[in-house]
Amino acid sequence: MKKVINAPENVVSEMLSGMEKAHGDIIRVVAEHNLVVRADAPVSGKVALVSGGGSGHEPTHGGYVGAGMLDAACAGSVFTSPTPDQMLEATKAVDGGAGVFYVVKNYTGDVLNFEMAGELAEAEGIQTDYVVVNDDVAVEDSTYTSGRRGIAGTIFVHKICGAAADDGKDLSGIKELAERVNANVRTMGMSLTSCIPPEAGEPIFEIADDEMEIGMGIHGEPGIERKKIEPANEIVDQLLGKILSDNVDFSGSEVAVMVNGLGGTPPMELYIAYSHVADVLEREGITVYGRPYVGDYMTSLEMAGFSVTLLKLDEEMKGYLTAPCKVAAGRPF
Amino acid sequence: MKKVINAPENVVSEMLSGMEKAHGDIIRVVAEHNLVVRADAPVSGKVALVSGGGSGHEPTHGGYVGAGMLDAACAGSVFTSPTPDQMLEATKAVDGGAGVFYVVKNYTGDVLNFEMAGELAEAEGIQTDYVVVNDDVAVEDSTYTSGRRGIAGTIFVHKICGAAADDGKDLSGIKELAERVNANVRTMGMSLTSCIPPEAGEPIFEIADDEMEIGMGIHGEPGIERKKIEPANEIVDQLLGKILSDNVDFSGSEVAVMVNGLGGTPPMELYIAYSHVADVLEREGITVYGRPYVGDYMTSLEMAGFSVTLLKLDEEMKGYLTAPCKVAAGRPF
Amino acid sequence: MSSLEKTLGVIREMARTVEENRKTLTQLDSAIGDGDHGTNLSRGFKAALESLESSSPGTPAEALKAVSMAMIGKVGGASGPLYGTAFLRASSSLGGKEDLSGEDVAAAIVAALEGVKQRGKAELEDKTMVDALEPAAEAARSAAGEGAAAVFRAAAEAARKGADETEPLVARRGRASYLGPRSAGHVDPGAASTALLFEAASRALEEN
Amino acid sequence: MSSLEKTLGVIREMARTVEENRKTLTQLDSAIGDGDHGTNLSRGFKAALESLESSSPGTPAEALKAVSMAMIGKVGGASGPLYGTAFLRASSSLGGKEDLSGEDVAAAIVAALEGVKQRGKAELEDKTMVDALEPAAEAARSAAGEGAAAVFRAAAEAARKGADETEPLVARRGRASYLGPRSAGHVDPGAASTALLFEAASRALEEN
């Protein structure tokens, strides 16, 4: 294992410390609970948005905390959901009296821990609600299973609901909007390599030099299919094919698009993939709204690979998607 | 070699095509010459900034084209300087009558090609000038050699001179400012892994699983020293030690700071490194001005590693550094 | 030896066993999950031991409550709230009792099972810890009349068998469910850790 | 066979040789540079052949000019402008001549050397292509009276020796100079390619 770290057990706290030193104008860090909190929290009268999940997906979620997006992010250990205690502390730190809304990715761990946190918060008199994001079309949906994973599409929930909360929408309005975004967002990913969680010290899986995993998650969970690596355009065709044949009718609509790098894939390759994504969408009569998101938005440490996300937009979503915000994941320019 | 590409020989043109489709509001691409040009070029009466270099360093340089930064970027083959023809075409595409300024990184190839381009442009009646950026303190400086490399500090030249050109500074003023930035910026890098240029198909060098290269360039050129990997803080101490003991006196000054990832290093590790950079600077009485640049700004494909850059600022530089700009390397938020 | 001392002995043996099997559990989780189950439980049991040091519980229920809080507060993931709920329900079922009968122990295990099923909504053959815990609870109930040691012995045997039998199953709950048919052919890490914990408990009581 | 045909034969053999040695040159460049020298020259010579196809040059100088333009226009890197300048100066030195003597060829090689040194500012023992080209030019001058084939034969031998002798040197120009002392112990890729090009030229003339 080769990493720029000091000690595997300290990666999360040292990373948060670095984020706080770099972005003190946007966020503050609550070190005892591994929380990233909006610098000016709590914002009185505003619904507060809290997300969180395992670490190792940076800039998700701490990078999305700030005016116009999240009020707090709870950082778990690498690839491990944070705990209800953390979530409760985050809830208390950001509650501005209008309730707290949790953006939860659909993993058993995340869901169970946020549920417990919600129970604890309600016991302390703070109103909470939540959405469980499950945008990953790689996994078949079924009520008899844990359902689909939440992956990169979650960023759109952060952005749109964050802007809506800033705009004064109340808790039930945020919930309705979040469910609507979730119902209209679909993602699918693939990977070329595994990654090494610092504490494990070894790759999560082995993969041959000419193989890829299709339908990859973001924690090194195996995908749904392993096969020989193919040209970028064919990979994109498969990911988009699965997204477009799912139960959201994208045809003729305006969409937000994300080509998300998993950490180890250079921008060159993401743009090569985006080039074909744009061609397929044009052929299908689907219009890309605004600026596409091409870059590393939700990563798996140093894993090579990418995902494609489409969000079918309505007028309200468009306004919130393009509203200004100020978060650490943005660039100084 | 595992990459999300279609064919090694097409990576540059397909990448540029993807960039154009994604960022048509900011840039246009001249496909015949692999140029990225500001969408509204030429801007009449403004000094135009042109940079360029081998591809594989994205978002450098095409990602920095746009209002307030570069007017054009010439994309060479991977890790190979572009040619005088390309540079001449870029020069003609962006010349707004006030002259064209080349930001050149100090590599024999880049310097020779830009020199030839300048001669060709002058022959066509376009006034040109240039700066050769050489911020890499890993390499000893000497007039009997090719001198120091230009690496991540170049981004600060783009940003500051880009804003100055927008502000109406003339060609000789830009030249003076560029030389001043270059004289006050110092960088040093390290790497943990090699990278694979698509056409070569193999790693540029082999490196053991417990080794690192100190003083790494951005093209897979070996660094100045190979040794056993060390904790992040010790690595930062070495890079900063070399920077601070060089001939720019940073003590008591305000600096712009960049912790630049080489492509394969996750944000987590960059923030762990930044955390210690901030501590060392504080101890040395050096103040970080504005927002530090922590992320992938000048990469080497998928190489793991990072560099640290310090720029000693004066009042004029500060104003231009924080002036607004709109480039593809920015985020939609 | 008091029931409190025995309970503490059981917890310590569980912690030791988790540490010893950390890598194995993580490897099982790498095959069909995200490779952290061993690390997760190890973090939880370390915190549990620390908490027991500093809090000096007065009853078996208090000791189990401390473990539960450590699991909920320090583990995260799916297994944190699930094992946390298991220990919490076991603790509640014991109430203020100081001397535990075989019946008490069996009832605590049954309560743990109910808590896990309620939280996680998994059923038998979903390829989760329930596949070890449910047979363990049944065996515990059958052996309830033979004393605590016999209850844990029976539970451990049943849990191990249940864990082994997860191997051919296709997961329907938890992270492994995302693999679909590819999850078959591997033992579920949570079922494996449940078996290890019962074996540890049984060992701790035999030794006394 | 006319001098033009011979020149075209030389260029084609150079292109073939570069293709054959692409990997080797790239590997030399990987050791002390950025691993693209073989790819760079291959791209240049392919473009040169295409340009010669489409332009049908009337004199040796025109053929060399086409090679020069391909190098400058398609190679990039350090070697593009340097080899481009070399071929350009060689072309200029020949002017409109149709029949080339040994003296003409030697003068062209000397002109190429001067162009490279002027552009790149490298001196002997800086560990660059100059270390092959300068001895080649001297040998060419000495053999000028013996005809073109002899000139290239002498140049090739001297270039190969010069290239081999770059191995122990510490680079002072080009990308390898960033390595400092670590650049010693490897042959310079540009010197190696210069030797290969002269050997190709010599071979092309012997064969006729």
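The first chain written gets the first letter, and so on, giving A, B, C and D; residue counts start at 1 in each chain.
Following the convention adopted for this analysis, contacts are C-beta pairs under 8 Å (C-beta built on N, C-alpha and C of every residue); 3 or more make two chains touch, one makes a residue touch a chain.
Just so we're clear, the structure is a prediction, and the values are computed from it rather than from any experiment.
Considering every other chain in turn, none proves to be in contact with both chain C and chain D. Considering every other chain in turn, none proves to be in contact with both chain A and chain B.
Computed from the mean C-alpha positions, the centre of chain B lies at a distance of 55 Å from the centre of chain C. Between the Cα centres of chain B and chain D there is a gap of 32 Å. Chain-to-chain contact here is organised linearly: an open path runs through the chains from one end to the other. Listed by label, the pairs of touching chains are A-B, A-C, B-D.
Put simply, chain C touches chain A in their complex at residues 26, 30-36, 39-40, 43, 72-82, 119-120, 172-180, 182. Residues of chain B that touch chain A in their complex: 1-7, 11, 14-19, 21-23, 25, 55-56, 58-59, 63, 68-69, 159, 192-193, 209-210, 212, 229, 231-233, 235, 263-276, 278-279, 290-296, 299, 301-302, 304-306, 324-325, 327, 329-333. Those residues of chain A that touch chain C in the complex are listed here as 54, 76-85, 107-109, 112-113, 115-116, 136, 138-140, 144-146, 148-149, 197, 199-200, 204-205, 217, 219-222, 224.
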